[in-house]
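Structures are listed in the sections that come next.
In the two assemblies presented below, chain A is common to both, partnered first by chain B and then by chain C.
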Partner chain A sequence: MPPGDGSRDPGITMWGATSTGKTTFLAALSIALMRQKAQWRVGGTDQASVDRLTELTTRLTADRLFPSATQGVEHYNWELIGTVRRAGQRRWRWLTPTYYDESVRIPLHLIDAPGEAADRSKARGNSVLWDGLLGNMVDSRGIVFFYDPVREFTNGDAFTHTVGVLNELSQRMRSAPGGRLPHYVSVCIAKFDEIKILETADKLGLLEYDLDPPGFPRVPDDEAREFFAQLCTRSDSGDAEMALTLLEQTFWPERIRFFVTSAIGFYVDPHLRMYDRDNYQNHLPPEDENEPEPRPARIRGPVYPINVVEPILWLGKSMAGESGE
Partner chain B sequence: MITEFTAADFVTWEVRRDQAGTLHAHWWPVAWSELHVGGVLAEAGRSRIVQAAKGASRLLVCSAPDDPQAYEAFTTAARASQDGAWGQTVLVSEVPLGSELSRVLARAPLTQYYDLVALRRTAAGRLVLTTLPLFAPGSSYGATETLTIRCEPSSDIGTAFSVLAYQPDERVFRPVPGRVAHIPPGTHSLTAELRGAGDVRFGLRDLPIIKFHRDHRSYEELVAQVPERLDRLRPAHLILAIEISGRTGPVLERIRRAEQLIKCADGTDGPLYISLISYGPHAVDRRRDIEEPVTVLARAQSSGVALSALRRLRERGAVTEGYSRAAQLECVLTRVARQLTDEHGRPVLVTIGTRSAFPARVDPRTEIIPCPDHNDWRAAWLRLRRHRGMTFGAIRDSGPGDDMWRALGSDASEQLTATDVRRIAADLGLVTAAVEYIPFPLVETEGD
Partner chain C sequence: MSSGTVAVAVEWALWGKESHDTGYRLLESSDGPVSPQTFVEALTRYSPGTLESLPQVTVSWFRDASEHLYVALAIHETAPGRFDAGGRQIVFTRYFCVRYEELAAEAVCYRTMYEELGQIRLGGHGRAMIKAGFPLSAAEPGTGLPRAVAAAPASAAPASGLAIRAAALLLTGRPVCILGADRTTLDARLQFLDEVMSFLPYGMRSRLSASTRVSSTFQDHKLRLFFSSAPRQAEDHLVAWDRLDLSPIRHRYADDYLSWLVNGVRQPVPLLASVREPMGFSQPEILKVLERLHVSYGTPVSVVADVPPGPAPAPGSQRRAAARHKAAAEVAPPDPEREMSVPEVLISCGRRLEGGNPGFLISDLDRLEAYDPAAVTPEERAYYQGIIADGQLFRPNMRIKKQLQGRLYGLLLRIAFEDPLTYQGYCAIHVCAGYPYGTSLHRSLLLAINPAGQSELSVRLLGLHALGDKELRRVLHDKPLPPGALIGAAANRELQPVHARVLGDIVISDLFDRTGRLDRMGLRQALIRHGCLAPALEELYPDRPSEQVARLSSLLTITYGRTMEPLAVDEILANPMVPPTAALFAAVLGKVDPADAPRTERVFTRALISHEHFPGRMRDELLRLLPADSHLGTAADRGRKLHLPGRSAPPGSPGARRPSLLRQRSQEE
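== the complex of A and B ==
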């Protein structure tokens, strides 16, 4: 099915620069739901999507490896299956409404495009990528925007990526009411497990710790935008602050939510089963090529995704609510 | 004096002791042809024989009784002796006096003390001449004495074994002919055998193959070569920590350097105790991966035991599994700091490897995962440094390395592929920097 033809349920587009962790995020989604022992689960609606879901999950858990970089635009027809509490019809006006749980399936038409697709200068030679991403965003009602502070520390290209895509998207959807794009946007401040990111959050005093084991640190969702803004000031280019402004000027602010996320989470010693402030690094960089058998970047221990379900669930629920489900 | 009548001549012998108490024989032969005229003993000849026999001679010997000339001259002298009551002993012998005399002289008991010249090192390192008693007056041929001595490197010249003779009451030393031999540095059991006055032969019980030769240098010449001091090293406890992670080639090279260092340090001074520790990487996930632990291969052992342990380590080979960016040095240092005592002498820690240690906690700079036991290399190093005489040496695969490697190589540092083993051993005080010629053996005891 060609992108942008609007002939199916609106999907959710994963959008972010190269190696911001989009595919890893998707791979962690199923694990996150299982870790939370939530009533929600993720499934595939066609065989290819089921296979891909299994492959991504296995690679992250059993192999402890990150998914390979996305080459083309990939469509995942997944769905979130769970229950929502609905208010029942009142018999009498003065009676409080009754509630009931209703099984729902929130379609997740996830579109995972390589990071290069969001960079017009790089994607210029490959219009399929650029058009694929933009077409999917036009069709989508939800966007998961990935911001990688580690990459921003060194490359400082978040604004460059953002401005090109949003200008193009605005141009393609210039008839949108109110002059703003109608999408719901989950802004994921990714790689919270990285040492530099966690230490920055700690220095800013934005950390809270889960009361339940293993007692992970978190940046509360209501502090996530502030964290994003603070991280933007530490950008290598100094332009990242404009990316935040641009997002809030392009989309309806009430349709944007910020999440501080980590697909792999923090390392937990299997024997202690508790978060250790001195020993939490779960991401192992690629090994030196001089080693006898150099290994790629990998995951040190079990995966404990942080804030991976929430952005998707929020998008799913918001989109479902809007459509009257 | 002895007068001998032989088939060829008439010989006057003079036997004297020199100042060292050694007997020496000199002789003056006079051919019969000088004393005979026309085949008959001339009057002048007869007179000369009688005069010689009458002089200071104490013994008249005819060693050729069958020779008419000799026997005639002998009887002439003997008759004159009896006439004049000179009191000489008169002998008729079948054996020439020369060979008999040398045997007799050799078996003559000593009349002086014989001591071996040696050096004593004071606690301050000065070298002073001393002697070791060998033989007392009255000792005779075949007497032996065994001494324990220590030899220093003696270059191509060899160690001199000089003997001094002296009278007990005058304490004036007189050299007797000495000997020289190339002896390996170290402590040896020396055997001295008296072969006669002025003739002492030496041998080594532990190295009988060593040959001793006549030393033609004078005693004064040898004494002039004695250096003022000898900086001997205190007993050392060499602790070798060898990283066995990474490629096989460098790992085997590290083991080879350890072997070279042990051999270098062991040959020149002592006593030396050696501890060996091998270490590799921590497992990334101890539940899923097998971890090669820090292993003590030898604890304060001799060089032989340590070299055997290194051979086994070489057969075991390199560890290629585990985390690749660091090795368990923090655990090695913590363990050494916890267990090290001063019992075995001054500690010398030599680390041979390349990787960094695991940090005690997450490290934002290196992003190396922390040690699972939270050991801190710096804390352990500071604790080790407090040991009296503690010395640190490092042999790294390449480059100076990080802060930890600089700390571990604070006293001596070398690169693996271009290691000057002698230099690092000298820098760490395991061997003396320059080998001086020490002409005499040293006595084992030290004192001021």
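== the complex of A and C ==
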């Protein structure tokens, strides 16, 4: 079943440059739902997807390691399982409606492509990955777009990545009504737990703190677009602003939502269980290769994902609503 | 290079990352005719996806700009301390390719390539092509074939039948996915790929893409033959590593080819290895090769040659060595001038049953009866089991008299399985008969096994259960088994999960039925010894705690009655040999007086701490942190009599017992 032939169920494609945290984000999804004690949980619908879900979750929690870099376009057939409250039929109009809980399953056909796939210019000859990503995006109805401000500070290549993919996608979907692509897009401003990002949000006065323990800082969803725009202006390349414009020109603006996310969250002392603004870094860099048995980048403490469920749940619900489910 | 090697020119590439990279790329490549762009295309086209278990090997092919065919071998591996810009472990791929005609000249196999090329380190030594030598000593004497191509040892894969089937499946044009081999070694998997290809013309290696491991969530990979931990959503043929599928492939060419391999040719491997011109897997190419091999495609799967019945010739007329004779038996009709070996008789039985000549079966059964089962080695037994499975000799409906059918089963069990039957043997019967472990063998076969006469308890109970609950109850009622033996059988962690579940329920149900005449003391001792079966139940019902609790609750009721006294709670939860599980705690909690619930909780908590591998001092401090309880103290004393660890309560009030670790922390605050 080749990608791009429309024969697959519409899925959600994870799209972003290399090392923007796409797989870590997926690995954190199940943990995020458990941390929220939410009515929703995530499950796999086939053995391979169940195995991968378990593997990813275990790696992040028990091993406290980040997932390996993705190679090849991976498909995860997961689903969100939960309940929604629905109003029952009234026998007489003047009676108040009765409510009942209905169990709901939102299919999540997630496509995790390596970041290299989105960079045709660098990976010369790598048409397999490029076609894999684009074919799957054509088949998808949802996209999670990852913007890594840390990468943008150092590489300044967000626009280059975005424009190539969107131009190709627009060309392949020329017949889309209204001249815009029909996808729902969750724009994730990733790695909120990184010092630079948190400090920028703080300086911009966009931070709020959760009232409930551990009292994490957050950028509210209605400020997330503004935060993205402000981060783009701080890019050395000066091109990042165009990435935002390009996204909003290519997709229907009402189908784009912005989220400030962190897959691993902030470090919380397991004894104190409170956020400490002087000691919040949860990401440990790799050990020096001269060490006897150097270890890769690790996670310092328990994982507290921030805004990981919300982008996926919004996409899942939007896509389910569109298909009349 | 010595004269004992085949010299080849190797082009190479190194795929991976530098420490400042975030994405994978071509790091270096040789300066031969293959361009860097071709390397990138070939490497990414035949990528096995994201691999967590390394190293792995992928074989593939490509054509260079001059249309020369290459066979490539990629080794995916990590290097200690090599991390990318994101701090992640880098997976490097060492990629080697050799012109196909150079390999074909000596029919070099994948394992030889891996053994020789795997020793070459890449990177930082310039871009020159590598001159490598594949040792000729790796060839099978007299055949010109590498050993791995000529024959693989029986232990490398469950049976060569699996490789034969996989080879035939490849002719359908659909990929073949091998499942259930996660615990095998890279070497065994690579050898299996070689074995599969040894049952196809060598020329097909010029177009094969295969891998010892593929990510099961990588849906769009281009590999034709691969190992995976789970099937993908594609129309792959699935082959189970530990089970031979005996059903027809239902593909004209594949079924005929399978029939030809099994029945129609004397020694297919050397013949196929001699067909070395490049060929692919497209339908016209397959038709061409079938014609060349004289495979009578288009005919239904049938017996190509039958063996005339008659007395066995004198033993002295054997003309071949025993080993070669045995290997040939699977693929060639037996020579009428010599005595038939056991494999030949077994194959003959299958043909007679399949070919509608059951009348001649008696002569084969007479031959089987003449063999001494005591002289059969375990390896031979495993080999015979493979033939029984291949020939479906344990199938239920044979269109022969019941008596003859029973005799056949009995003789097969006698020659191919241990006597008395072990649990492993019982499982092997399931595999041979093509019955999944969760299903009951058919009645005729079960009667031939005679479960009531078996000495191994698990075999006896599972067999009787398969015969019907009535039979099981009758035997258990006539001669009740000691509770200790029953609990011991149910606690056996080496059983297949589905068998363990059945056995557990048989045991609980039997103990429940004979409440009045039960040796309760023996049962209590057995329960303590096996942790009330709680660890086994946790393994069997990992996501179903309520099922664990229901079974544990039944066992506790049988042993202690409807309610449990504190002494019994201590006996079960504070068991020094086996830590309690959450389900066991729940079952006990449901049986204690509500007033004893807090105490029960404390016993459970203490038991957990005692069983965790905390350093001694930390464990003592944790135990001291728990609230004091005079009743518990008494129970602890009782526990000491039962040799329970870590139960001594420290003197003084709870405040005075604050551990030094926490005191230090509060001072800092």
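The rule is simple: the second predicted complex is superposed on the first by the 306 of 325 C-alpha atoms of A that agree within 3 Å, B and C clash if a C-alpha of one lies under 4 Å from a C-alpha of the other, contacts with A are read in each partner's own complex, and residues count from 1 in each chain.
We take it that a contact is a pair of C-beta atoms (placed from the backbone, for glycine too) under 8 Å apart; a residue touches a chain by one contact, two chains touch by 3 or more.
As the structure is a computational prediction, the values presented were derived from the model and not from experiment.
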Between chain B and chain C, positioned on chain A by superposition, is the outcome a clash or a fit?
fit
With both complexes overlaid on chain A, does A:Pro294 touch chain B (first), chain C (second), both or neither?
both
Quick check for you: in the superposed arrangement, does A:Ile195 touch first (chain B), second (chain C), both or neither?
first
Which partner does A:Tyr184 contact after superposing on A: first (chain B), second (chain C), both, neither?
neither
Given the touch rule stated above, what does A:Phe145 touch, chain B (first), chain C (second), both, or neither?
neither
Applying the document's definition of touch, where does A:Pro270 land relative to chain B and chain C: first, second, both, or neither?
first
In the overlay, work out which of chain B or chain C sits against more residues of chain A.
C
So, A:Pro285: does it touch chain B (first), chain C (second), both, or neither?
both
How far apart, in whole Å, are the nearest Cα atoms of chain B and chain C in the superposition?
9
Intersected contact list for chain A, partners chain B and chain C 285, 290-291, 293-294, 298
For a test of understanding, state which residues of chain A touch chain C in their complex under the given definition.
1-3, 17-19, 46-49, 51-52, 55, 66, 68-77, 114-116, 119, 122-129, 132, 151, 285-286, 289-291, 293-294, 296-298
Chain A - residues contacting chain B, complex:
195-196, 199, 267, 269-271, 277-281, 284-285, 287-288, 290-295, 298, 300-301
Which residues of chain B touch chain A in their complex?
246-248, 284-287, 318, 320, 323-325, 360-364, 367, 369-370, 372, 374
Tell me, which parts of chain C touch chain A in their complex?
19, 22-25, 36-38, 40-41, 44-45, 47-52, 80-91, 215-221, 228-234
